[in-house]
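These notes concern the structure reproduced below.
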Amino acid sequence: MSEAEIGPNRYGKSAIRLVKIVRGPSRHVVRDLTVAIALEGDFGSSYVEGDNSLVIATDTMKNTVYAFAREHLTGAIEVFGAVLAQHFLAATQVDRVTVTIEEHAWLPIGDAPDAFSRDRSSTRTGVVAADAGGLTVDAGIADLTLMKTSRSAFTGFPRDEFTTLPEVEDRIMATRLTATWRYAGEPAYDDSFAAIRSTLLDVFADHHSLSVQHTIWIVGRAVVDRHPEVAEVTLTMPNLHHWLADLSPFGQPNDREIFIATTEPHGLIQATVRRGE
Amino acid sequence: MSEAEIGPNRYGKSAIRLVKIVRGPSRHVVRDLTVAIALEGDFGSSYVEGDNSLVIATDTMKNTVYAFAREHLTGAIEVFGAVLAQHFLAATQVDRVTVTIEEHAWLPIGDAPDAFSRDRSSTRTGVVAADAGGLTVDAGIADLTLMKTSRSAFTGFPRDEFTTLPEVEDRIMATRLTATWRYAGEPAYDDSFAAIRSTLLDVFADHHSLSVQHTIWIVGRAVVDRHPEVAEVTLTMPNLHHWLADLSPFGQPNDREIFIATTEPHGLIQATVRRGE
Amino acid sequence: MSEAEIGPNRYGKSAIRLVKIVRGPSRHVVRDLTVAIALEGDFGSSYVEGDNSLVIATDTMKNTVYAFAREHLTGAIEVFGAVLAQHFLAATQVDRVTVTIEEHAWLPIGDAPDAFSRDRSSTRTGVVAADAGGLTVDAGIADLTLMKTSRSAFTGFPRDEFTTLPEVEDRIMATRLTATWRYAGEPAYDDSFAAIRSTLLDVFADHHSLSVQHTIWIVGRAVVDRHPEVAEVTLTMPNLHHWLADLSPFGQPNDREIFIATTEPHGLIQATVRRGE
Amino acid sequence: MSEAEIGPNRYGKSAIRLVKIVRGPSRHVVRDLTVAIALEGDFGSSYVEGDNSLVIATDTMKNTVYAFAREHLTGAIEVFGAVLAQHFLAATQVDRVTVTIEEHAWLPIGDAPDAFSRDRSSTRTGVVAADAGGLTVDAGIADLTLMKTSRSAFTGFPRDEFTTLPEVEDRIMATRLTATWRYAGEPAYDDSFAAIRSTLLDVFADHHSLSVQHTIWIVGRAVVDRHPEVAEVTLTMPNLHHWLADLSPFGQPNDREIFIATTEPHGLIQATVRRGE
């Protein structure tokens, strides 16, 4: 039995809640972010010796985010993330910085220049990682809750002694999608996000699904095919089962009409679709 | 010291998760409800003697909701709630029924007839209570998250030894509104809901607020003034504070631009605005 | 149609998160509270006219809680709540104050005088309401999650066309108990809380239940019978159903052994047990 | 631009809620698990071609968990996880199985043989991964909320233009610990878990902390040093800041007595401590 040593480690500040009001001449814009900063590097002595001389305080990280927001939060979260990442990477003890940003959407109410309602229907995400090799940018969307009420089947699966699920040609498919994609270059991030979000929604809506796996492929392939700036996309889809209610005890038919919505247990399917070599 | 006795009591089933797919000729419609049923009445013996002979099983309540949905969930949740309430009130041991329904919105994706995304921006609510005196119907909206980025002040409040808050002429007001209103008659529920929702949003957006209380009055008064079918409206508004970040240590001004969003602690203001006698 | 007027209203501060460390000679004690203050009174003009001259700022309420904690948080939360309530009631515009306190438990780790682990198994609650007529004190416990693995039945309930639930002589009963009780006098609050908590647990454990209603009666009656300082107790018990898994397709018996734990839907039973006149 | 292809992927069932009642001669025991199964392997055609012929239905996974619980859930969750993992690995299309189990603790109430209260103070976790190379077993504990009220400092950190945090020799450290450790062999899992849990608590309580990083090292090193069956341990510690309340405006001192508990933002520190080569 040999001695203990420190292995992989990272530290930082999470859940930094930042709102910036851009007071334009005709109307305001609300930027509402949750930011996290994480550092990796030459921090072994902070663990093993309690030596904080290289430990950038997480409180300082928080201050930096607020201070940088005035000048640098003027465009996409990916750009703000990159500026923050490069700032922290400049410290000699830092080998790698990961900046994770969620943006919460606020929509103007009518024509009012200064009133907004929050759109909770999804969250835009961005992760910028920086090290000596450069930057990687992963954009994404979370919490996008979707349903297909037809053109979704699940048949032809193997049956063993523990299989009771009937084959079903026409079921409900409901999911709460998380998608993240890696950019190959430096696209116009806001435009790309909007376009990829449209692809996700449109292809989900239009295809005929043979399984959640099949849906992930069709949606993911479309993202890669239609958006050359995307190197790969990872889709995570819980299968939020809707079970047909058994109304036969009450003498009623139920032709795919009345369902019991459930969350526990749920399927969970995740795959990456990437551009082939 | 006298003997124990049973006092006010109620029982029922909560969190009944029901989805109905209406398969119309040109497109589907998704109805997604969370339903709760509660009964009051002659149930003392079920407590004191463990006599279940009058206790309608909560499992039966659940079955009834699913069974009734086929025939009776064809319009507003208030109508479905009323049918359920009258059904359970017909049992002789029942004096009062309360049916609480939340409706979760699903919006069509593009032109697809059978694909939907969930709009989490707010939840429609309805409470139907029935007893020998008749029905009351309370409609509402929950989780509507709103922000004013100007035209919101808080000044002129009393100062005592524990007061440190500065007066502020131009602050952010952010809230997660819950509103419930009681109908005086039997309006077209869906139309009334849509119209009242618009009033809530429009008046919130357009007024100049001197406090959250003031906002509640202006918004609530508008609901009562513009919607004669409303007898009274109750508005609950947490004050989700956004504190101006102090950037002076970093040599930066901050003219209502960069804010720290918080949830703990928060103000909480609730009032009813009613039609005067 | 007559004019709008302001009806019942209240305002205050919620989610005030306060930790006090009592640094005793031999060991520390952690007091961890979440406090809410709500005021009612002569506040109509703050709504209707936006006149804040009588509006004690909720920020001032928060400051007062922290400032009072040094001197006055030396015993039970009920006593601290009473001091706070009387302070705010002294303002002439205030007719009624409600102070709601949750206390989160921290248990010492071993013999260390200064290290603690949080006991999340339940939350102690106290609500002190003060008006010109005096004080009322409601103590309670929340989130106490309990299970009986035998001696729980549910039979003899009525069957109608929507009833499918079988009668069951021996089921699992699981619940997440909330209990609140009103004190008739001014007991030693900490002692009473500990004793009533024991009664709740002991009687829940020892009785034979014919229904959740029956359990509420037996537990509630014991609280009233054994604790003369309690005027009445209200018990809220969700029925968190555990369904026997059907293992017959796999050729296995299942004699009350393997269950599916569920949370949606759930029964919800609430009743007050009070001292008779 | 080349064609899309399927990359890394996995699928399975999550949130399988299983309760087993072991009805012993003198008393019952409650086993309360949340189980997830995930498979990797030859599933590309299920994505690309919608071919389900190799797709073990996630519903079958769920059934298998319930069916296996009767015979195989007789000891530690790690053993149950291993049986499940080996079952699914036997399918030729499966290359890797990951079984994740959380166990929720229920403590007997007094001497009752059949009544329990849930201990929410922490959650035991186990992850068994199986592939052609064999099994790995990661055990752990989650949600263990801890506080040190003295012997915690944070000083000597670098100061730049964005640093405002004062050095503090005696602060509160509060965290919600997650720890996972990999076993080198096949220990008596329940005994190891109990012993490691004790080490985590005892060392946390007894050491003098120079930072959260320092605490992680001291605690992690003790786990590796004292428990030869552990190859490495990963500790994740949010730093749940407790800020000293500024009572000076009220003319009060505050010598580490009254604190504002916060959750947003929070530090987040994670490191692995491993046995050196």
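Per-chain residue numbering starts at 1, and chain names A, B, C and D are given in the order in which the chains are listed.
Note that in this section contacts are C-beta pairs under 8 Å (C-beta built on N, C-alpha and C of every residue); 3 or more make two chains touch, one makes a residue touch a chain.
Not measured: the values here are computed from a predicted model.
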Chains touching both subunit A and subunit C: B, D
Most remote chain, CA-based centroid, reference being subunit A: C
Contact-pair count is greater, between C-D and A-D, for A-D
From the options A-B, B-D or B-C, choose the one that repeats interface A-C, i.e. more than half of its residue-numbered contact pairs are shared. B-D
Centroid distance [mean C-alpha coordinates] between subunit D and subunit B, Å: 37
Give, as an integer number of Å, the spacing between the C-alpha centres of subunit D and subunit A. 23
If you average the CA atoms of subunit C and of subunit D, how many Å lie between those two points? 30
Give the residues of subunit D touching no fewer than two other chains, as numbers and ranges. 17, 63, 67, 162, 164, 249-250, 262-264
Just say which it is for the chain contacts: an open line, a closed ring, a star, complete, or other. complete
Subunit B partner contacts - residues on subunit A that touch it in the complex: 17-23, 28, 30, 32, 63, 66-67, 69-70, 106, 109-110, 112, 114-121, 143-151, 172, 201-202, 204-206, 242, 245, 247, 249-250, 252, 254, 256-262
Show which residues of subunit A lie in contact with subunit C when the two form their complex. 161-162, 164, 249-250, 262-264
Using the touch definition from the top, list the residues of subunit D that touch subunit A in their complex. 1-17, 36, 38, 43, 46-48, 50-60, 62-64, 67, 154-158, 160, 162-165, 209-214, 216-217, 220-221, 224-225, 228, 232, 234, 238-239, 263-277
